[in-house]
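For clarity, chains are labelled A, B, C and D in written order, and residue numbers in each chain start from 1.
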Amino acid sequence: MRPASLSELMAVAAAREIRDQDVVFVGVGLPNLAVNLARRTHAPDAQLVYESGVYGARPARQPLSIGDPSLATGAIQVMPMAETFTYFLQGGRIDVGFLGAAQIDRFGNLNTTVIGDYEKPTTRLPGAGGASEISWLARRTVILLPQKRNKFPERLDFRTSVGHHTGGGSREALGSKTAGPSRVITNLGVYGFDASSKEMELHALHPGVTLDEVRAEVGWELRVREPLETTEAPEPETLRLLREELDPKGVILG
Amino acid sequence: MSARLLSMKEAISQYVDDGDVVAAEGFTHLIPFSAGHEIIRQRKKDLILCRLTPDLIYDQMIAAGVARKLIFGWIGNPGVGSLYGIRRAVEKEQPRPLSLEEYSHFGLLSRLKAGASGLPFMHLRDYDGTDLPAVNGSIRTVECPFTGESLAAVPALRPDVAILHAQRADSSGNTQVWGLLGVQKEVAFAAKKVIVVVEEIVSEDVIRADPNRTLVPGLVVDAVVAEPFGAHPSYAQGYYDRDNDFYLGWAQTSRTAASLEAYLDEWVYGVASREEYVEKYEGELERRLKPQPNLSPPVDYGLYT
Amino acid sequence: MRPASLSELMAVAAAREIRDQDVVFVGVGLPNLAVNLARRTHAPDAQLVYESGVYGARPARQPLSIGDPSLATGAIQVMPMAETFTYFLQGGRIDVGFLGAAQIDRFGNLNTTVIGDYEKPTTRLPGAGGASEISWLARRTVILLPQKRNKFPERLDFRTSVGHHTGGGSREALGSKTAGPSRVITNLGVYGFDASSKEMELHALHPGVTLDEVRAEVGWELRVREPLETTEAPEPETLRLLREELDPKGVILG
Amino acid sequence: MSARLLSMKEAISQYVDDGDVVAAEGFTHLIPFSAGHEIIRQRKKDLILCRLTPDLIYDQMIAAGVARKLIFGWIGNPGVGSLYGIRRAVEKEQPRPLSLEEYSHFGLLSRLKAGASGLPFMHLRDYDGTDLPAVNGSIRTVECPFTGESLAAVPALRPDVAILHAQRADSSGNTQVWGLLGVQKEVAFAAKKVIVVVEEIVSEDVIRADPNRTLVPGLVVDAVVAEPFGAHPSYAQGYYDRDNDFYLGWAQTSRTAASLEAYLDEWVYGVASREEYVEKYEGELERRLKPQPNLSPPVDYGLYT
């Protein structure tokens, strides 16, 4: 069997962030794949909540969007979106939220709004969607994004979602009752956050990736946790699940 | 995470503690009488009981002495008159004093809504010019940051235990209800622990075949108890009718402490379970209260493969 | 046909308060009967909303309570109670609310809470239920109660629901956007409220009732509008509907 | 009071005025494309468009120049990428400038919730530490009168017109929906006027046979329009699938102003109605998007006589 690709390693690393019985607020694509992988391996009782108002979906196909009809058919519950946001997310019932972003800073704050000036943007991005509230209200968040220097800037062009704010106890000082970002997973490695400064630090490199390659794609002086680890390669059965059952057409993992 | 299937005796013993804030909800429909009776049998005490309308279930529980406080919107026997058990507690402190904290229906459901939503308060247009805020310090005001107008505000209510009756659930607690919905969803999401009592346990496939009908997922339910006729003399839409004769007769039964206690002796303490209670009726409930069927037409969710 | 009884006159007078296409927030008993009479006569498109969460009920029997199963079966919509209060009542969609009371004062304020001292009541009454919000939020309200001197006191023991408050513009000064009580109907007569002082005034006596009989059952110096009218007797067809179809067993009208 | 059955041409012409605040809602599911196309054909202008997710419908409408402002939560082609029509309006003011007022999904649905509820604002836990309040003066704070904590507050939104698609309604506008519910109920109660577009008109008896399924009563609906496939390329659960190929292809179609305009010329201006649009597909929609049936089991409401 060929070794895991970098995007497969990203999916596997994301799946490892799910604990059994976690209630996960999830979008489509990579996060969805990661949760389904976790459910097929170490976390069979993890539950998915889609912000479109679906709990306990059992789709008969890979959904293209979080509003796919296959998510409603056969779900445990389909409810008004207001209930997903108030009773589930704001009600404190979400253990993990997955987020992506166009930019992330060293404290895990995210930009999904604009590149450039807000009034005259060079690129208009989608905006907050559910991200600002997921980042604020899920017990912890896991951030998935490709590693590029312009996506890891010293300063965000716009702060759409708050992570660890300005570090230290600043998130808590804002009134947060949740832990904020716990992991950042890219196609090059896995990051955590230092317990006291709350600054992002590299925990592991994916197999075959060098520290210099990572540093070249980060816009600030990157902290590295010692000893720097290598992302554990997935079991063959895990790879088989990904390739043959969960994403057989390679829609998500390429 | 998902519920366990328990007997009522186990559910009440494990999830209802003395002194708890308990909300046994259901607006006329699906009132969890069998759970109330088990709370009486287990002689719980010092409960703080919450309900929009205390109804006969709280009249019985308060007359049995399980409560020290009542949080409510309207106390009465709907369409009939007074609840004498509660009146004796309030007017004569029998069998023990009962303190009251009162709102309107809108006010109390707003408290549950805030509790379910993870908000510290909910605002509503109510109470201006009334004496209610003067006797209840939990009715305050909040100013709109846009218009400057003042609105009533009530604090979130998060009961220790919510008890709901429902038509059906699967063994994981995924629960479906039809007919009047009351504040069932709000109270389930607001409470720290939830007991669901159902007419029947169905397979998960039945739930998944109509997901828009689901009231609450098993995620928020701690215990599921299967007890047919568990809502009697209240009702379960499609399963049995409200026992209006019982409600009408309660005016007489509850009129004196002695006659109310005689009822409890026979129908609550005198039986070990809802099963025995139903047997004691010797088939009368089935004969008298079963409606003719009236099925909803199916809707097509479609198979998307 | 025997002439209308006083309770029948009360029902007929209440029905006359319903306009076609009114959306009526209604309880069981006399108000329910009045709305159904209106629907069968001059207001076929009046719609009923029950606070139990039912819109467009078509019960196959007389419901004993507003939570009767016959109200759900065959209704247009059955919704959570929260929606009835927020979307219908607070949302400004209710034209008329019907209210009863243990006590009413000259400005149409109501007591349904206690007789005597609040902390040590001689009689504990049901409390507000939906009354305080109906009185505040329905476009207008109609109050039905039996005429007794102790129910028409100079001063309420407790003000559960606000009517015209202390009269004049005082209700509006509290922030009300609705008209408040428009009619009081008893077994002796029909009252309105003076347009400027907002004090209750007798408009009509039911046939056979004298002004002295009414004055004996009011705890303040009663205003009487001139010319004092006599409640118009119902058409024979109206009486027939009441007696033969709407309340054939006399459950409500005795 | 209750709705009238109109053609789409009549409904848009009578209920949508230039300059109106228009909310054509539906979260992925039941997006009222046929109404959007008619708004384009009638060359409405200066609209303020609101949607949680503008989706392709607003990309088309904005590219056609009907709007001057967009109130939204997330702009994108879900699972695909950008909405280039909207980006051109924002980044290059083509075909005309578009001002933006942005929230999150939670924030915008809270605005609709307040509007539906007759409240001037709604509060929520969001936006602390973000740059959103700095660019949107309608995101403010309110202090809890019980705990003293500060919460975000957004003002009520009451659109002039809400447009919903639904599976079915009767001719009075009593409307039923299943599958994803989005913010359909909230926007209908929040709006001053409501147009409902349905896959089919059913008799009132069908509605009354399952009253818990009713989304909104005819009371809040002004016009009902019957247009099968009216939500395409969005979908109607049980009636047809989401046309994911169309959504994927839109990345290309919308990439340049010219190609987007060519689409509008052919599929919007080039047809007189949704009926012609469906005919132009020559049966392909039916063949490609119709799911296998998957019926919900009935529930028993009971006959209570």
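Convention: a contact is a pair of C-beta atoms (placed from the backbone, for glycine too) under 8 Å apart; a residue touches a chain by one contact, two chains touch by 3 or more.
All figures in this text were calculated on a predicted structure; none of them were measured in a lab.
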**Prompt:** A-B or B-C: which has the larger count of contacting C-beta pairs?
**Reply:** B-C
**Request:** Tell me which chain's centre, taken as the mean of its C-alpha atoms, is farthest from chain D.
**Result:** C
**Whole-Å gap between the CA centroids of chain A and chain C** = 58
**Asked** At what distance in angstrom does the C-alpha mean of chain D lie from that of chain C?
**Response** 40
**Message:** How many angstrom lie between the centres of chain B and chain C, each centre taken as the mean Cα position?
**Reply:** 29
**Residues within chain D bordering two or more other chains** = 118-119, 124-125, 149, 178-179, 181, 185, 209, 212, 237, 241, 291, 294, 301-305
**Touching two or more other chains - residue numbers and ranges from chain A** = 54, 68-69, 72-73, 78-79, 90, 137
**Prompt:** So which chains end up touching which?
**Reply:** A-B, A-D, B-C, B-D, C-D
**Fill in**
The residues of chain A that touch chain B in their complex are 21, 23, 45, 47, 54-56, 58-61, 68-70, 72-79, 83, 86-87, 90-93, 137
**Asked** Okay, in this complex, where on chain D does chain B touch?
**Response** 118-121, 123-125, 138, 140-147, 149, 151, 153, 155, 167, 176, 178-179, 181, 206, 209-210, 212-213, 237-239, 241, 291-305
**Request:** Name, in rising order, each residue of chain A that touches chain D in their complex.
**Result:** 28-29, 51-54, 63-69, 71-73, 78-82, 85, 89-90, 109, 113, 118, 121-124, 126-133, 136-137, 158-162, 165, 170-171, 174-176
**Complex contact set, residues of chain D against chain C** = 1-2, 116-119, 174, 185, 189, 204, 207-209, 211-212, 214, 216-220, 301-305
**Request:** Give every residue of chain D touching chain A within the complex, in rising order.
**Result:** 27-29, 52-53, 72-76, 78-80, 82, 86-87, 90-91, 102-107, 109, 113, 124-132, 135, 149-150, 178-186, 235, 237, 241-242, 244, 247-248, 291, 294
